[in-house]
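Labels run A, B, C and D following the written order; every chain starts at residue 1.
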Amino acid sequence: MSMSRKIKGAVTAAGVVASLVAVNPTFVRAEEVTLTMAVPDWPPTRIMKKFFDEQYKPKSGNTVKLDVDFIPWPDFYTRVNASLTSGEQKYNFIVSDSQWLGAFVEGGYFRQINDLLDADPDFMKTFMEIHPNPLNAYATYPHKSTNYYGFPQFPDVLVNFARKDVLCHEAEQASYMAKYNKKLPCTGEELDAMTWDDFNNVGEFFRRKKGEMLAGKPADDDFYGIAFQAGKSYDFSSMQINGFIWQMGGDVWDETKVPNGQAEGVVNSPEAVKALEKYLNLIDYMPPVAKTGTMDIFKSDELFREGKVAMNIDWIGLGEASLDPKSSKVSDKLVVGMMPGTMGADGKMVRWSNIGGQPFVLTTWTTPQQTAEAVEFVKWWLSADIQNQFAAGGGQSAIKSVYSDPKYVTYRPWNRAWAASLDWQKDVWHVPQFFELLTQQQDQFDLAITGKQDAKTTLDNIAKFQQSLLTEAGLIQ
Amino acid sequence: MSTIEIRKVTKAFGEFIAVRDADLSVAAGEVVCLLGPSGCGKTTTLRMIAGLERATSGDVVIAGQRMNDLSPQKRDIAMVFQFYALYPALTVRENIAMPLYHEKLSSSEMASRVSRVAEILHLREILERLPGQVSEGEKQRIAVARAIIRDPNCFLFDEPLSRLDVELRHSMRGQIKAVLSNLSKATVIVTHDQLEALTMADRIAIMRDGLIEQVGSPHEVFAKPDNVFVASFIGTPQMNLIEVQFKDYSSGKATVTFDQQDVVISVNPGVARLRPGKVTVGVRPRAFSVVPNGTVDAIGAMAELIEPMGAETLVHARTVTGSDIRVVVPREMKVKPGEALHLVPDPAQTHIFTDDGRAVRA
Amino acid sequence: MAYGISIWERLGIRKSSGVSEAGWGHTAFVALISFIYFLPVLFIIFTAIKPQGLALSVPPTLSPTSLLGLIPEQFVFTPTLENFGSVFSRVMTAGSQPEATGFDRFFLNSIVIATASVVLALIFGTLAAYGFSRYPLKGNDTYLFIILTTRMLPAIVVVIPVILMFRTVGLSGSYLGIILLYTAFNLAFTIWMMKSFFDELSTDVEDAARIDGSSEVKVFFKICLPQVVAGLAATFVFGLILTWNEFLFALLLTGPDTRTVPVAMNQAVSSGGRGTDWTLLAAIETLFLIPVFLVTFFLQEHLLRGVTFGTVKK
Amino acid sequence: MTMHAMSAIEPTSPPPGVLAIRADNWRLAIVAGLALSIFAALTLPASVSFWVVGVAAAMIAAAFVVNAYRRRYYGGLLVAPAIAVLFVMNIFPLLWSLGLSFFAYQSNQQSIRFVGLNNYIKVLTNEIAAPGNWSALVNTALFVVLTVSAQMMVGFLLAMLFAKQFPLRKYLLILVLTPMMLSVVASGVFFTYYYDPTFGILSYVMNAITGGQFILMDSKAGAVAGIVFADAWMWSPFVMLLVLAGLVSVPKYLYEAAAIDRVSAWRRFWSITFPYIRGLLMLALLFRTIEAFKLADLVILLTKGGNDTMTISYHLIRIANEQNKTSEGAAISYVMLFMVIVLTNLYLYLANRRNQES
């Protein structure tokens, strides 16, 4: 048997394999452009797809198809991350949590859009209509720089969902007044004026056992005053705790101060410890599931919709279900205010909060033709008309002209809190180490929430870890 | 007192009656074979004695005690199963020793008992093997060893030799008989093989369709079958059973019409009681004498098929009207197919059965 | 314990029971245990026919019927089939018309993918098991063990190279890709199971057939395979159950057109901008249970008769 | 790697030497193919290396088939298709990640460099990374022991219940088998409901009895119990089915013989019944142990790893998927694989020793 025979054999075999697995050639005709999009499966993205199919007319005259992959929320990151990091190059548009920007920009997956903005004044104009806080959160990397990447898909903030039937009940009002010498918040404006101390009082006040009187009737189950996120998974405690820390004068590791910003001494500053303690104290008044470390944003929302709590701090994005009588026992009792604040030394309310919501971004392998169509699509999406329709259908808009329109507050009960809240939004950690920082912090917060560890130890551990990790990464010198 | 007695035992599986009103007693030291074709209820009878099957009615008495309601564990019996039922995960030694654990013997006592039976049944060499590693004959001996290692009320054997080849069967028959004769226990052996029954049993109980047809010594059931079934079942080659018209009887001779020909045969005096009518004449193939042509009362037939059997020759002959007769003749007598034969039955071995199948005896 | 076999059972006049008959008393006892064991599933099924608003009621509603007043009224709910409709079509955005959810497609995908891959695994695995059993290679046991190790690591470890490979050859999001992947996923179990079955068969008949001049192919198909039909059924069911519910590969390697139910099911876990839609999830799971439940039920006899092999050999 | 096919029929020609370049020299093909594949997977871009590996695989397969055909090595021919599928879909990706475990590589960054055993040293000894790994491993060991023994026991007892024939057996059996047919997502999510202190049935019942507020999942003991219960409930039927198959395969006449021989129930079980189910118990133990090591989904659904219930498999998902520390994840997974292999080999060794003893 000669060498040549062997090689010949191998080549033949390879040929067979090649013909078996030949790549399906896709001939894209010039006038047909498909934009593939990975989105979480929920109403804001469903609406986007619906509007696109019903209303979008590309100016270029091309046939533009938006091929949307609706991925269930719990697996969204896993799917997107695997797709990006494996080099699958499947999607042109990706809905991304703002904190993912760092990791995926550094990985070379998310496309910078400054050139597109510069080339298209219209686009730039539309883009700059976005409120600066969401703009910084959703579009910039490094954070608060002028390198732009994303557009708001669904901007979101934390608000206070409350039950007016319980809060406005005369008997409750009277006994609250008797106990705290303050009015029990009942209207939206009164909710807006709440501090965390008031929130604490509401929690204490409304702790009712089954059978005790609640709003004039015996309670059919244990009832609690307050709830907010205190869950271990993803960011389901950090997003709340960050607000406490900022409001009370503390800070998290600030990426805009690289390389001089420190973690040690900042993250575990006395102010931050006090803030965390305040957060932890409130948990005592919450439904028992909080003690298991699984009271995430969905669980507290569920407790609220089932009528087990009087107030729940949660994302607007989860609000729609509270309004639907099929999924909510409190649909006709809803009143919404801003998230409570902290009274500053100057007598002014401090309301810092961590921004939620998601931008969507373009990927680097998107072709120029696709990019051109994508820009047109984004301009259309951010246009006042579509944004208004979006808001009317249950979305939120970060475009000034849209949310400052008087119509805006009529769309949904929480919209009254929207504009004022936007001014107090901050974001964290657009760095590639985001997930490591988050995971460790969530683990530590969970230990504190479930009573295994005090606030000081918790923040010390977090500071120590962050200092070491970020130093190693060159972000702290 | 090691005896077995069953009285009016019936076993019904729903509608189906497997055993009906069976009576049988086995004395100490006696070996009784339950013989019959498959499906006749013999195994069920044995299993009722063992307690593996509950009698629907009747009494099972072992060692003088009624045991219907007792489980096999409480009956103190030993049994050899058809498929030996050796415990596959245990060595031959452990298999044999299995019945002894109940007696809580010392390990040295157990070892000596095992080696004693192993000696008797030539199992010494294979004691450490697993059942999967021994031959069929050895398995059979192990099963027997396991049965005889202790001192039970009685022994039960379910088709003990059916899985062995002819030669082994022959030698095992002898061995089992020898072993049993030293034990003086009541023993019941179930078999469908009459040779096994005839050679091993003190008495044979022949069963058919759930009924015990006849109980008797091997000689009795062979020489004096109570009915047509027993007559046909026992003996090889099978007894010739010829349906004839009985005409009359006088002084030891009966006149019967057979093949449109009146034949006078010597019969049992009991025949005198019969009225003329249809009867069955039973003649064993070996009970014919071949006589010269023209002999009085000879039956004429034509040889058709010749089967040499060594010492003797079996001839299948056909009468004028086409009835088939089997005749065994000595080897020296050369018979060719097509040759005419004239046969006279031996009066002492000629049986008359009435229309309902019962033997006619004085 | 187990005596009571009779000649009639052996003759097949009476149905052979495998082991002895126990009476209705035993049935009552086992029924009680089985019912308790089944309760969590029953609750899911009942949730599927609950009105949405009662899914989280306190006290929990437990039964669609009061069983003639046996169950207090507060634990009883009025059954509805609405949730099953929602599986296939429901309102996705507030104020709009119900839209198709694509679940009909997802169910079809699950059935096609699971069946095809289990059958393929059965074909390749049975051939291989026959090879390992009848023509052992040197170091046979080592190979078998290596095959087993492919099941030892969490799927997440192999996911990245597999995605990459699929993209390169264009298998990403195709039926063929996920089917081949599941085939591999099932092979280890199939080979180990089927080898045990082949090991148990007596080779006498095969050898006799060979001496009679039957080809190896004929020996395999005509002699060996018919004897392990029960084993094939058992392996099929086990493989089906595992493949049917596989999640991670399905999530990462199927596209919108080839998505399977376990992935799509998470729609109901985080449903329409809220947490779990309990009744919807229960309805999906109940529907999803039916095919594999039926297959198992009808192959049950084989499952019991089938898995009868001696020892695991290394 | 040595592999020598045997066959009932003598080889028709002597096998080629390892280095002989012939179409049927599959040994050389494997060596060359593997070397080429590993080299390509590690150095070339994925889109190119895939084809190199594909060619290598095809070359090995071709050599294998030619060799097997020429020498009537039916074993090789029969095993080949399965091995080919396994190799492409499973073994190759595993080798890929094994290779990566010797590099510093994060899948969301574009750099890669060889670091030898550093990843292993890091995951086992690093001050920050290792404690998490070790505690996850300890927890996993805890879960393996608890859930596998619970499954074996419950499965065994259930099988004993169903060993006899009784009226309606078939219909009751399917009820018990159903839990393993559920998708883990659905059953896990519903277990969060059963355990929920406000809505759940468990707390409802416990509160009614004790009058207090019962929270199962607020301690490690409770959380572990909750996870083990859910997992054992789902998978005991698997064990049951295997054991039951063993039980029904015991010939009845053995039990009859035991009754005649007056064997005690205890001895009867160990000398007659157990040998018939031992192999199946071992298979169940083997597969359930392997699966228990991979326990992650239920933990994610029920506790998210809270209350110190982090398992190595969930930890791995966080490291390799969430944090994209691919090579570190690969190192952890190979440490884990090593442990599973040691454990399963121990099982098999003990099982074989028992076999030889009896």
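Methods note: a residue touches a chain if its C-beta (ideal position, glycine included) is under 8 Å from a C-beta of that chain, and two chains touch if they have at least 3 such contacts.
Quick caveat, the model's predicted, so the values are computed rather than measured.
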By mean C-alpha position, what chain is farthest away from chain D? B
Pair of chains joined by more contacts [C-beta pairs], A-D or C-D: C-D
Chain centre (avg CA) closest to assembly CA average -> C
When the C-alpha atoms of chain A and chain B are each averaged to a single point, how far apart are the two points in Å? 92
So how far apart, in whole Å, are chain C and chain D when each is placed at the average of its C-alpha atoms? 17
Centroid distance [mean C-alpha coordinates] between chain D and chain A, Å: 37
Distance between the CA centroids of chain B and chain C (whole Å) is 55
Can you list the residues of chain C that touch 2 or more other chains? 3-5, 56, 58, 159-160, 164, 169, 265-266, 269, 276
Which residues belonging to chain A are in contact with no fewer than two other chains? 21, 78, 82, 85-87, 221, 306
Tell me, which residues of chain B touch at least two other chains? 51-52, 72
Hey, which residues of chain D end up touching chain C in the complex? 2-8, 41, 46-47, 50-51, 73-79, 81-83, 85-86, 88-94, 96-97, 107, 158, 161-170, 172-187, 189-191, 193-194, 198-201, 204, 233, 238, 241-242, 244-250, 252-253, 255-256, 259, 265, 268, 278-280, 282-283, 286-287, 290, 293-294, 296-297, 313, 316-317, 320-321, 326, 329-330, 333, 336-337, 340-341, 344-345, 348-349, 351-352, 355
Per the contact definition, I'd like the list of chain C residues that touch chain D in the complex. 1-5, 17-24, 26-27, 29-31, 33-35, 37-38, 40-41, 43-44, 47, 56, 58-60, 124-125, 127-128, 130-132, 134-139, 143, 145-154, 156-162, 164-165, 168-169, 180-181, 183-185, 187-189, 191-193, 196, 216, 234, 238, 241, 244-245, 247, 261-262, 265-266, 269, 276, 278, 281-282, 284-285, 288-289, 292-293, 296-297, 300, 303-314
In the complex, chain A residues that touch chain C: 21-24, 41-44, 46-47, 50, 67-70, 72-75, 78-79, 82-83, 85-90, 220-221, 296, 298-299, 301-302, 305-306, 317-321, 323-324, 326-327, 329, 393-394
Along chain C, where are the residues that touch chain A in the complex? 52-53, 56, 58, 92-96, 99, 159-160, 163-164, 166-167, 169-173, 251-252, 255-256, 263-267, 269-270, 272-277
Okay, in this complex, where on chain D does chain B touch? 251, 253-254, 256-264, 267, 271-272, 274-275, 358
